[in-house]
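Below are two complexes that have chain A in common, paired first with chain B and then with chain C.
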Partner chain A sequence: MAASVRHLLKPWTPSLCFARWSRYNPYYLDPDPSKDARVPDSELSPEQKELQELKTVRPIKAALSSDTSSPFNDPLISKFINMMMQDGNKILARGIMTQTLETIKRKQVEKYHRSPAAKRLEIECNPYTIFQKALENCKPIIGLASVQKGGKSYQVPVPLTDNRRRFLAMKWLITECRDNKHRRTHMYEKLSQELLAAFANEGNVVKRKHDLHKMAEANRAYAHYRWW
Partner chain B sequence: SRRVSPELLPVRHICVSSSLWKKNLAAAGPQKFTQEFIDKQVEEFEIGKRHLANMMGEDPETFTQEDIDRSIAYLFPSGLFEKRARPVMKHPEEIFPKQTAIQWDAEGRPFHFLFYTGQQSYYSLLHDVYEKILAMERHQDKMRNKGLLTSETKQILLTGSRWLLKEEIEEYLVENISDHDYMRLIQLMEKLLSMPYCSLEEEFILKFRKQLEVQSSKHEIPALQYDPQGVTFSVADGRRKTAKASITLRDSGSGNITINGRNYLHYFPLLQDREQLMFPLHFVGMLGRFDVEGSVEGSGHSAQAGALRLAISRALLSFVSEGDVEKMRQAGLLTADPRIKERKKPGQEGARKKFTWKKR
Partner chain C sequence: MSGSVIQEKVAKLLSRQNGKPVLRPIKPLALKNEVASRKLKKGEATCVTEMSLLMACWKQNDFNNTVCSKEVSVFYTCVEKAQNKAKGKQGTQGRLLPKEANTLLKRFPNLSSEI
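The block that comes next holds the complex of A and B.
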């Protein structure tokens, strides 16, 4: 009945107070602001087809103010900007990100022009691909969780979800760039150095990821303490 | 012993208090209406409708319920705040609650074998559904014996519909059911759906599903208006977090954007805000086609940009095809953002921040 669906479309506060809620009723679905990313119908899996059909009947949330239909809009970069942001200063965070990408491009183009013709094909100049690849290289595969058993707490190796892995990679990058740098270097310089190092699988962030993996390997004996 | 005739025996009046004569209203249950009573009410309603139509000077044949409501509100104006206390004239079906007829015969024996469960229609429905499940299993076995068992059986289309709500099921069964009962019924229907040959009972299942309306039909498209010069334009409003914006989209061919009399480069020095203004136009592919003239007030720069974006998207609806309207809706351009500043709570520093926790 239209009357019973109408109450799902109004701004919402949950009756049971959760720790984290939003003004959207959970009935709303997430928007997809990209312009031409539609895969033709024949290549969709049955779940994706179901989701498409569900989208025609369900209300959709409003697009965020940081998302556009432009091809330069990358959700990964947006997430990274939000994580870098302090005290709501989005202007500064976005400025740092733009400067970082510019610095990366400049360095790579310089390297490209300085290198002999044979090696030029291997040099990646697109800062977006460098960022994505670098982040991939920083993502840990396995993590550690603290489990209390018999009065003692053990570090137990635990699988991580995709979101958690992405979050950890970004967090390590940001803390690394904030702490371990010379007083005079700017954030964007240090970030570009770290990203280029991570792209080549070197640098402190990748080292931190490897340390985590070694710790997990060392604590293999406690893996059965995990009950979830 | 003396034999006395019964007429001469003294009559003793036993005094009884009047409280025993009063009817026990609570034990009687809800007021029962007979079918004749309801029929009489329906007749009176129809005659009264015709009288009302004649009174209002309208045609009695085409007098709808909305006309009745309008006439009653005109003839009996009421200042009462409670809408349910105002004078009402509706069909008796909507006023008198639906009741089941007497469930037992003259000797007091109930007709239905599940009468003593207290919810005979609900349990008989459960029995019916289970019968169908068993019948389907038998059909499946028969097909397997013949060697005709295939996994590619016709599936019922279920997207775009939902199960009937508990209130709707109660209306259908004319009985009250609990949440647990409702869940049990839905689980049984899902089990019926999970069987391979469920398309045999498609009609039965669709009786319990309600079609959801397609969302894109709900958006109001602003009317296309014409300038004295012949240029088409449309006007729309948008709001975000106390910022109110109003946009005029002119189909003139240049791509100028003017906000509050100033160029959008001056009004929004930040790239993100200008991107938000361009977002709906870029999405539809009509960036350089329109002249955007907007006025906005209230809140901060980001909220103003959001309000303008919503207004531009709404104004664009009149220039864009049906398929594009649905695409814009799925991109999140046509929803008004309901997020506002969360209120500060008493006993806390702000909306979420608490005062310093002191152990003692």
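The block that comes next holds the complex of A and C.
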């Protein structure tokens, strides 16, 4: 009897959760958790001055618990961790990310110490710059969209927004590392290999990007089927 | 003031006193609380020339992005300009968009019956 009554005492949660869109009124501004010193008014451009004024007046959304004011907080890395996360296990995803960055650093430092003095300047040891550069190399420039014309659907080359390009690059990296690895290699190891390869413009992810570009180039005759 | 003048004219058109009525309405002669949506004007594809230049450069240099960086940046600027234009163009030229008019009418409708 206690068990049947207990389910009435649980807080009601809706069975359908809208994970995609936020419930905030668009009037609310995004929070800025960085602790940078305020730039004096003379150095700001008119748009930035307007933005500062808006921040004093308008309501601001609550910051996520993953956005910290620490200098190690990187929005790109946070986005990648969120995309890697499965079933809400942020701890595991973040652990994998830190292990990846550590592995990259170790590999690069080993390479640095092994190489002759002439080549040492070229070797990049900062794992964050390697991550950013590798992601840049994986981003596609043109995408394909399916457009229906006269009963048939064609793959039309289409420019992509920045968010879409970043999403595609991250998605390709993660799927590549999940699918094409030996069952005994860890995720962080495979990720570090792929990131270092992408940094040097090699590897499967960059190949996938080139394949997309080739398809777009092959279908360039259909570019006029777009209406936007 | 002018509302009653219009009502009298409509009543005259509907009446059977002067021979057959001029109007035989199927639906009630009153304005609805919504506006018909306008047909979306089909635009043309933007940035096609930049895209074709970029693809020519790719074909020559085997899809190497570092060599074609100038075409890439030109393409990006064109895309950004097109996006800004598309965002800013919609609600100008003085008239309300059908969607905006419908929202307003929903909030402040013409009352057809007493509540």
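One rule holds for everything that comes next: the second predicted complex is superposed on the first by the 197 of 228 C-alpha atoms of A that agree within 3 Å, B and C clash if a C-alpha of one lies under 4 Å from a C-alpha of the other, contacts with A are read in each partner's own complex, and residues count from 1 in each chain.
The rule we apply is simple: a contact is a pair of C-beta atoms (placed from the backbone, for glycine too) under 8 Å apart; a residue touches a chain by one contact, two chains touch by 3 or more.
Worth saying up front: this structure is predicted, and the values here are computed from it rather than measured.
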| item | value |
| --- | --- |
| First, second, both or neither for A:Arg23, with chain B first and chain C second | first |
| Partner chain(s) touched by A:Trp227 [first = chain B, second = chain C, both, neither] | second |
| Comparison of chain B and chain C by chain A residues contacted | B |
| Partner chain in contact with A:Thr68 - chain B first, chain C second, else both or neither | first |
| First (chain B), second (chain C), both or neither touched by A:Arg94 | first |
| Contacts of A:Thr129 with chain B and chain C, given as first, second, both or neither | neither |
| Touching partner for A:Gln48 - first (chain B), second (chain C), both, neither | neither |
| Which superposed partner A:Thr56 touches (first chain B, second chain C, both, neither) | first |
| Chain A to chain B touching residues, read off their complex | 1-2, 4-5, 11-12, 22-24, 28, 31-35, 50, 53-70, 90-91, 94 |
| Complex contacts: residues of chain B adjacent to chain A | 159-160, 165, 167-168, 210, 212-216, 270, 272, 275-276, 278-279, 282-283, 302, 305-306, 310, 326, 329-333, 335-340 |
| Residue ranges of chain C touching chain A (in the complex, touch as defined) | 42-48, 51-52, 54-55, 58-59, 63, 65, 72, 75, 79, 82-83, 86 |
| Sites on chain A touched by chain C in the complex | 137, 141-142, 157, 159, 161, 210, 213-214, 216-217, 220, 223-228 |
